[in-house]
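Presented sequentially are two complexes of chain A, the first with chain B as partner and the second with chain C.
Moving on, here comes the complex of A and B:
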């Protein structure tokens, strides 16, 4: 789970400094296994890989149609790739309890919850931190920097120099809003303002 | 010439019994003397071994090569460390085994500690490899450890010893040979000859396909397919459906760090 800072580099080749796990050079890893226990372990390994990869690249959401052509799902050196259908299955597993709810289909939350058409499963969040975990991180930072009872804009949180060293610097605004909502529910923050210039006050 | 003198008359009978009992008592004397000297020798040896293990306890614990040599020496003189140590656990209060008396149980503990790690590694990877893992891989994982500073300096020899120390538990941990590789099998399942053959072929070739089995082993198709399906159901092989021209079957024991650098 910890971020892989590959000093050696060139672990998987072409990973942009990302050290792929050993599974990545195992050809059958790119075929979902028919045996149930094997598949469960395989899905777990995929989930780990996707989370580590997204964390390394600071990706917060994936568009599956595009992602299946990237080196995450496609090992060019090996000539193997995870098909779109199988990638959907991996994400679906990550969405479930079994996968620790480490992913979520985008747009599936509202109306399309019932029907699981391909339309609704085009893109997903990858929660290498869940919104509750992000809420904790942000709260910790506010605490540590003594900014309780001050008003910050969302833009400041995401883009200012003050947060440059923080993991949530540059994160997806949509995800940030969700994480802040968690704090709002806990009575630790208040969000106000209009769509474009949202501000937040921490207690 | 005294022994040649034959007694005559009835008294010869009693003389005979007398001589026999004398021989017997003398034999007894010799035997006890012999046993006595052996006991002394053993005691001397024990104390020497004890001294040795005490002075070198640190080296025994920390240096896998030294430890292996030490274990080999004990084996050569007929001291089975594992048999002894497994008994030592049972009646620790009553002085423990010869071995744990000798070594103050520190070497003992080392192997038990290691055995626990080995069991952990086997359990964690069981879903992935069907309970069959290469000894080398176990060594790598144990050395890597779980957390900061959690690694242990161990050799393959140590792992093999640790696995045999699990035998009294009857938990089905065993060492099997697959081709040239030593594997630890952590599920109590016997491979049938066909399955063993296929796994061996995979160790040598890297992977197999149905037609490779047909060609090389002269099996008919149904047999090859059945064996492979069995192995797949047990997670002992993984299928690569994207291989051309036909599906290939790989052993998950090949999933390992080949980046060269230590993790």
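Moving on, here comes the complex of A and C:
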């Protein structure tokens, strides 16, 4: 659960490789705007930035406390940073309908949503692909490689050489399970096995 | 011409001549000419100044504003009002300006009926029965169409002596057939000759008089019988002491009550008064009769009192009169003088001429001080003297304050400048005792104050608003305004706020704006948010070309830099409070965005919104 910045592959994700958008070097970008339209536009920009950044770094979840010190939220060259509180605002916005549900608080999904205060909102999923989309991607790969009706372990899906070229290679197992659940619901897959050795069969 | 067009200030009040002072204002006033109402001059403000009696319409002030010069007024008359008829003040024009008949009319009338309403007796029948006799308006000539026998007016520019076959003639108004030239020329000549004969033969006018007389007697009788109440049900005229109708038994009390309301009720404003009204009004008409101001909401008596005083004082004479010989004047010119002091100083005058250099300067200064002393001494001896020499005292006060301003230059020059202006601002004060009593006096005071304020703000000479960058907070304005009033008749904050709120309703050229924080500011009506934003953005764009003073890590060529409210306040001459509000307004509109830093808040051009779309093209 406390998978902080679970960098999976780490193969190509160099620190300087990410090209930040131009507004990343615009000082007011790091102050949340009170004016509504400007704020919406700003949050949208932040959401785009976080998704792009996570996709580039192959991050599937963020721990906010740690992330605010990374170059995602902190522009060292400019000497500006987004405060932890504002970062929470941004993630909260991404979690909402407005932000396209591109994020989700880890641990908040159970019951107590937000009520437990800032402590509960320490880490979040960043869905640069939503679980439904991941399901589609995996299904497409299974289709393309003709592995229907075969049984694959989750480990195979994540770590085997066969999936190396795929985006879901090195994905967070938790997220993979959620994506597979989507497929199960659609009746396209079946998950079985115990905690450590989960297998999945695609139809 | 008796009624003159009136120039209005930006605040839709009569613009006063130099030395003219406002004496009285009353609203809900209608205008009569003779005994006829003048249409569209029926609901307005009456302004009495030391020089004029003015009417300004409520609906269309620019179009319907007229004034009567008091110097043309022969005498005023007051009619206290009776039953449904409102109190009226009648102004009779001077005899020299009027025709023989109309000057005779007031003499004739009192003999006919010494009743309380003489003004109604004479007047406009003259106007309606015969063309006015003074300078003949050519339009009064008519030609009769030979086809349909409709009588058409001869065109005003038609001159029978110069007309030829090429002169354009208008066709008959009824049948549209063009008349023969000879026909029209004949008619015009006939009209000319009859008009020339008219002053000798007063035949049609006599007719007018007789009709007036009969009308007058009829009305006079009516006025005598009038103290009775018409039963609302059966129209029987009952004795006033009866409570129920003698005829049908209906209660008369309601009728009585209504009467009381009309006379003294506070909120009853009669839009329509029952008097007959005049068909159309032409201000250029010379055969004008007496003019009546009808006071439908009271105030007539005070108006009349002040009018009488103004007619006695004849302030307008002062305008052309030479200034009162002052000691200062006499000592410098050394004429006959007239003042003992001047005579006394005469001997020393010879000596003064010889003294030159510093001694001469000192002597001159000494004499000046002496003269000032005398002026002040005389002025404050009694109130009357103060009134007559008010002009000099004010001049002196201005001079003193100017000197004081020079003396403590390092103090606050603006304050002393304001002080020196304060004396001249005395001329336009609206004070509570200047306004009509009765029903609407409070709201009238507020509306007058509102206009007064608008004038004060938009006056180019003072430039109060301009100096503050076109916008100032209401509290600041209140302070400046009260200061300009010179410490007398100060305006209470409550009245002030109410007056400011009236600007919109009165369509004055300034407006009151409430910022989100609740701060109230005053600004010109033409100054919109869009303009403010445009000027802010223009400023921020300039900053793209100026490298920031301190080291900066962002691309200032592209983003410019952030500005603080202090910088904006300095740049535009706003107060810091106003600058904050303006910047936040611009932020609200999406033109600016903010950056919160440890050293304060800065405002930037908003690249967060249009940065997205245009960034690709811009970089």
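Throughout what follows, the second predicted complex is superposed on the first by the 186 of 203 C-alpha atoms of A that agree within 3 Å, B and C clash if a C-alpha of one lies under 4 Å from a C-alpha of the other, contacts with A are read in each partner's own complex, and residues count from 1 in each chain.
Criterion: a contact is a pair of C-beta atoms (placed from the backbone, for glycine too) under 8 Å apart; a residue touches a chain by one contact, two chains touch by 3 or more.
On a predicted model such as this, the values are computed, not experimentally measured, just so you know.
Colleague: Identify whether chain B and chain C fit side by side or clash on chain A in the overlaid structures.
Modeller: clash
Colleague: Quick check for you: in the superposed arrangement, does A:147 touch first (chain B), second (chain C), both or neither?
Modeller: The answer is neither, since A:147 touches no partner chain.
Colleague: Name the contact category of A:77: first (chain B only), second (chain C only), both, or neither.
Modeller: second
Colleague: Taking the superposition on A as described, I'd like to know which of chain B and chain C A:34 touches: first, second, both or neither.
Modeller: In the superposition, A:34 touches chain B and chain C alike.
Colleague: Between chain B (first) and chain C (second), which, if any, makes contact with A:45: first, second, both or neither?
Modeller: A:45 sits against chain B and chain C alike.
Colleague: Figure out whether A:181 sits in contact with chain B (first) or chain C (second), or with both, or with neither.
Modeller: Neither chain B nor chain C is touched by A:181.
Colleague: I'd like to know which partner A:26 touches here: chain B for first, chain C for second, both or neither.
Modeller: A:26 sits against chain B and chain C alike.
Colleague: For A:190, is the partner it touches chain B (first), chain C (second), both, or none of the two (neither)?
Modeller: neither
Colleague: Can you list the residues of chain A that meet both chain B and chain C?
Modeller: Overlap of chain B and chain C footprints on chain A: residues 22-23, 25-31, 33-35, 37-38, 41-42, 44-45, 79.
Colleague: With touch defined as at the start, can you tell me which chain A residues reach chain B in the complex?
Modeller: Checking each residue of chain A against chain B gives 8, 11, 19, 22-23, 25-31, 33-35, 37-38, 40-42, 44-45, 79-81.
Colleague: Flag every residue of chain C that touches chain A in the complex, lowest number first.
Modeller: That would be residues 553-555, 559, 562, 587-590, 593-597, 602, 604, 606-609, 611-612, 615, 619 of chain C.
Colleague: For chain A, which residues are in contact with chain C within the complex?
Modeller: 21-23, 25-31, 33-35, 37-38, 41-42, 44-45, 77-79
Colleague: Looking at the complex, which residues from chain B come into contact with chain A?
Modeller: 127-128, 130, 207, 232-235, 238-243, 248-250, 252, 254-259, 261
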